[in-house]
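Paired with subunit B in one complex and with subunit C in the other, subunit A is shared by the two complexes that follow.
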Partner chain A sequence: MSAFITRLRQNLGTETFGLLILLAVMVTVFSLASPRFLTAANFGSMGYQAPLLGLLTLAMLGPMISGGINLAIIFLANISGLTFAWVMLQFGGAEAGLPAIFMGAVAAMAVGAAAGALEGAVIAFVGAHPILVSLAMMIFLRGLGEFLTKGGDISGFPDVVGALGHGAIFGFPLPLLLFLIVALVWHVLFSRSRHGFATYMVGSNIRAAEYSGLPTKRTLITIYALSGLVCAIAGILMLARFNSVRVGHGEAMLLVTVLAIFLGGIDPFGGKGRVAPVILAILILQILSSGLNLIGANQHLATAVWGLFLIAVMILRSGRLAALIPFRKD
Partner chain B sequence: MKKLLACASAVAFTAVFASAASATEIGVVVKIGGIPWFNAMEDGIKRQADALGVDAEMIGPTSADPALQVQAIEDLIAKGVDVIGVVPNDEKALEPVLKKARDAGIKVIAHEGPGLENVDWDFELASAQGFGEAHAKLLSEKIEGPGKYAVYVGSLTVPLHNAWADAAVAWLTENRPDLEPVGDRYGVAENVDESRKTALDLMAANPDLKGFLGFGSQGPIGAGRAIDERKMSGKVFVVGPFSPGQGARMVHQGVLTGGYMWNPAQAGEVFVTLGKMLAEGEEITDGMEIPGLGVVHPDFEGRDIITDNLLELNDESVDGLADMGL
Partner chain C sequence: MTSGSDSDALRLKGITKIFGGVKALDAVDFDVRAGEVHCLAGENGCGKSTLIKVVTGVYRPESAEEISLFGQTLSAITPVQARAKGVSVIWQDLALFPNMSVAENIAFDTLVGARPRGVPFAKMHAAAAEALARLGVTLDLHAPLETLPIAQRQVVAIARALMNDARLIFMDEPTASLTQSETDRLLDIVRKLSADGVAVVFVSHRLAEVLDISSRVTVLRDGKLVGVYPTEGMTQAKLGELMTGHLLESTVSARAATGPVVFEAKGLSVPGQFENIDLTIRAGEVVGLTGLIGAGRTELAHAMIGMTRAQGTMTLLGKPYRPASLRDAIARGLAYVSEDRLSLGLLQKQSIADNAAISVLHKLLDRFGLIAPAKKDALIRDWVKRLGIKIGAPENPIATLSGGNQQKVVLAKWLATEPKLLILDSPTVGVDVGARAGIFRIVRELADQGLAILLISDEASEVLYNSDRILHMAGGQIRHSYDPRQTTIQALEAAIYA
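Up next, the complex of A and B:
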């Protein structure tokens, strides 16, 4: 048994191992606390809720691995959603056909990627800190969006769009499917691709990466452009989930994405971390939030518990505690 | 290990049976948790739930983001409650999830969301027209001679605040042509500090500003603070609904003129009363009396039950209301 666990730890990495323990503990506690936790309805509900946070977290992931941060993700998503909505409205709102939806999605992703690329370019060529650049971008996009919409919301989309947010294939929630596809692409991107490798190198030491002949400027622009692209997907999903789009929707999720990333073992200084533990971290945060709602806990308590979990994970991850737990040989 | 499993499943089974046999379950999702208005509403919900013997809880998200309300409602659907109550931050963003709730056989009751479509009933303790006009009249009584006034709303997307503002501005335009609104509406009234800062800026920019209409629970408080800081009491008047406990001292100081409100605790009670009625299959009919609402004349087309249960907030009434925990 202990040999198995050691092997598991080696294969999965310490982050994943600690998170798996945490996941198991939480599932046990919540299923004992509420008989409704282990039900299809609850897992279905989580399957519809988690993807939005998940996509936004993936958008935050690239910049964080490169040692930066993208504070503009929510508003990148909002502005891309607005682009999508605008295209829909040009083609008759609720009557818009599939080609219009496709065009809207392409336009939204183009806007998201372009805004992200602009952010990356400023970071790469001006050399300003990503916190400042993305904060400026966030304020700009927010203001622009509020100006264009006068703070109101746009709604009235074809039913097909709503299906993306609420539909299912063979009982499997569509938003979750979308998220899993993007997550898989992200996993391959960061573990196997040239761009992924360059991202880690930029994150560990950008000067060394540059002297080694890596195109650091191009890498930075690509990182933020990809981040913007995923934001656009998240923005379209948000629009589909709420059947409306407004600047400020989802604002509360910005810091939760950072939390999910730290929980997933990404080094805050960049250069280290993998996609799989981050996915696990998103799952844990969702279980925690839904579980606490099921047992009727106070929402503010949930926030406090998130903080506690972060601390607990750091202790688990230090390896000290894991070494102390005696595993019996059954 | 086997014993433990048996034990756990026994616990789970009893819990399932207990909840299946127990009373109506009601979950109410409000705009935001931890502010006095919704604390009072929670008291009302709890009190009435105890009185009627139903199981009711209130969920107050940590920030006024519709995304969090959608999540909370999703969780309530998964939990399988009988009735979902909601005080929406953004009506349109909630339609899909409320439709999902109704498709799952859950009764949906809204408050402060008359435009919602996927609800069984929306109830209001004040009609938009009556409430807006009552404030406009109060402001008009206080301001003598020509001048300007500013209008706050909670946010530009809170339909009810904007409907009040529409009614109030319409009344003032009609009856007090010498009063002129300043700029557009300011969507700051859910935040004390923003309301205060905006009031300071507006007073600095408009020396002839005579009044504030603050629709949104923190708007009048913030504007009142600004007037206190600038020593403008008696020159600039602040009118609007606010929480009496929060504003009592300012009313006595004279920096906050007064306003009207309805009782959030009463709204909480109505959520439970109405929820139990709907869960038990009772029909709402014209002219029936519902505790907490009085005799109702529902709008069956729009699924709205609109009543006028206004409480006046002034120097005399405010302390009594504050003592009620509001």
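Up next, the complex of A and C:
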């Protein structure tokens, strides 16, 4: 039994248990406060809202575990969405067939991954700090996108694409399904793959990783390419949800992804952290936002509460109130 | 040898400090006379650091029969009292400010205050210059600290202690990262302090300098006092025995190497680093490479493992060998144990298991190409047993291990790659006496199993006792080759420090 728990803690991360308790507390409080909280309708709407933030957070995760950051995620998603839209518009816009949609999606992911790989390559070979490199990429992509769209919206897509953003399989929201698939792949990637292992090592000491024979440059390029790939998936989902593309869509989510990652117990200096607690953190942020909305609080207040919430979590983790969170990371 | 309380800088009696049920200090007595150079010796984990932290007020002991500082009896020492009484510690990391100037670092404690106010730069520089003058050193007071070599930073730390009217200075492993000539200069400064009436407590792993500098040595083992001994008439072997509790054999282990040639270099050069190096290493042979830091030893190793490109030819197992990168060299059968275990050898943040598995991930994959936890566990268990590594759980951070056990994990990591040639660059830095013997036992066993080994060390005794052939390097060239069976430690040291 105890061996099982040890294995579970290693796989899911020590943060998971504390966050699960937090989650339970919040669900209890909100369901007492609002009769509409524990309803299928509420959970359904969360199932459509959370995946976008979730995917962007997963895109931010790899760079942060490697001790970096990818500030370009929103515009990577936008530019990929733009690519997707452009391919569909070449094939008749609303009349575009499934092959065109498929091609568009592949092109979008290729653009996202390539732009990410470029970031990674600059970080690896030039040695510039990821903040600078990803900031430069962010500004470049924003400018490029605004130039191409002249700052306007692009819309007029086939109905099938809208279904990706709003549809369900057996009542299960499609965006949520998409997110869970990516999350599962990410969990395996970071807990079991050689690339994941190398990401943690690069994040804790890149020179020691290099002296141990790890391909640190290739690892960095892959980290940012995968980040760009997931941004592209988020960009496709964003297009499907809003039925339009505009450069700047989702900009407010950039720092919320960082919030979710810290809440999920990722070491701000890199090298430590697991996927599972980050997923829980996304869920907690979504519940906090939906719950406050249901009890009639202002949407802006929800944002303020997120901030307070993170401060509270840091105090709890600082060790002063350590006894309150069992299985604390030591 | 009268010890009236007037001449005592510090007297401790019956100090006990408990951490989680373990007695880190068990009724330890410790006294330091004013102006004395006193050495505190013992292996890692024996309680040296705990004792220093009790004296400086960081830890409060569970029980104490007597505590007195400069003749004044105290019930316990607080950090404020310790400083007011002139107790100062120079930790290994020095606790200085890298981006501030030399003068600012030295005068720092006189500058800090809760209220914002102007900094009297002229006064500060005068005071800093005076403190350095007391040490007989001149440094550029305006230079940012980070531009200074480590030895000079240490001098800054000592000057800073003097600014605080230190009368009892603890130095924690001050020579660990110094070259021999820098060490000599530091020891001169310590003698000067002592002549000035400042008591110095010296903590070091290097027994030779302990015996050289101090007049008395207090030996701790497993939190208990072994005894206090005058250093006159004490030998390194005897001190090592007191520290570890068992006899340490130091015998020449050299044999004639008869195995096939594994590695050969001819006319190897890297401009500005070393030139025209010829080197042959046979299977089962331990080649010792010694010389001062800066002689080009580590640079030669870097060329051998593909970190730098060298002119000349290298062959490995009879085939031309031109590594394009470290990864290339590893794939060809080389392994390099870096001299800088702390920042290059190990990933301090990661677990013991991950540090051991990092070099052989490709051997741990399941049929899906993922890392198999069972294979990883088996790898760790195997090497822990083979090298006798003392660990708690493999998931614990590597930083929880002692220096010796950390170095064994580094060895495990490289041996797991099944190398043909193992390069050990100063493998005993920060490893205590007992554990050193363990590491060299492993080195000899590996050679017996046919591994070719290049042992780089600046300690003459290490290469003399543990290699089959000794090469002396200086100024980027190999000066001389010695047979350990036909030379002496004195001859070797004379050549190195000539």
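Points to keep in mind about this one:
Assume the second predicted complex is superposed on the first by the 301 of 330 C-alpha atoms of A that agree within 3 Å, B and C clash if a C-alpha of one lies under 4 Å from a C-alpha of the other, contacts with A are read in each partner's own complex, and residues count from 1 in each chain.
As a convention for this text, contacts are C-beta pairs under 8 Å (C-beta built on N, C-alpha and C of every residue); 3 or more make two chains touch, one makes a residue touch a chain.
As the structure is a computational prediction, the values presented were derived from the model and not from experiment.
In the superposed model, A:G165 lies in contact with subunit B only, and not with subunit C.
In the superposed model, A:R192 makes contact with subunit C only, not with subunit B. Counting the residues of subunit A touched by each of subunit B and subunit C gives the higher count for B.
Of the two partner chains placed by the overlay, neither subunit B nor subunit C lies in contact with A:H129. Contacts of A:G271 after superposition: subunit C is touched, whereas subunit B is not reached.
In the superposed model, A:A208 lies in contact with subunit C only, and not with subunit B. In the superposed pair of complexes, A:Y200 makes contact with subunit C only, with no contact to subunit B.
By the touch criterion stated above, subunit C contacts subunit A in their complex at residues 326-327, 330, 336, 338, 343-350, 354, 357-359, 361-362, 365, 369-371, 373, 395, 413, 417.
Within the complex formed with subunit C, the subunit A residues making contact are 6-7, 10, 188, 192-194, 197, 200-201, 204-205, 207-215, 267, 271-272.
Residue ranges on subunit A touching subunit B, taken from their complex, read 31-32, 34-36, 39, 41-42, 44-46, 48-49, 52, 150-153, 155, 162, 165-166, 238, 241-244, 246, 248-253, 289-290, 293-294, 296, 298-300, 302-303. The residues of subunit B lying in touch with subunit A in their complex are 8, 11-13, 15-16, 19, 33-34, 57, 59-63, 65-68, 70-72, 74-80, 90, 92-97, 100, 155-157, 187.
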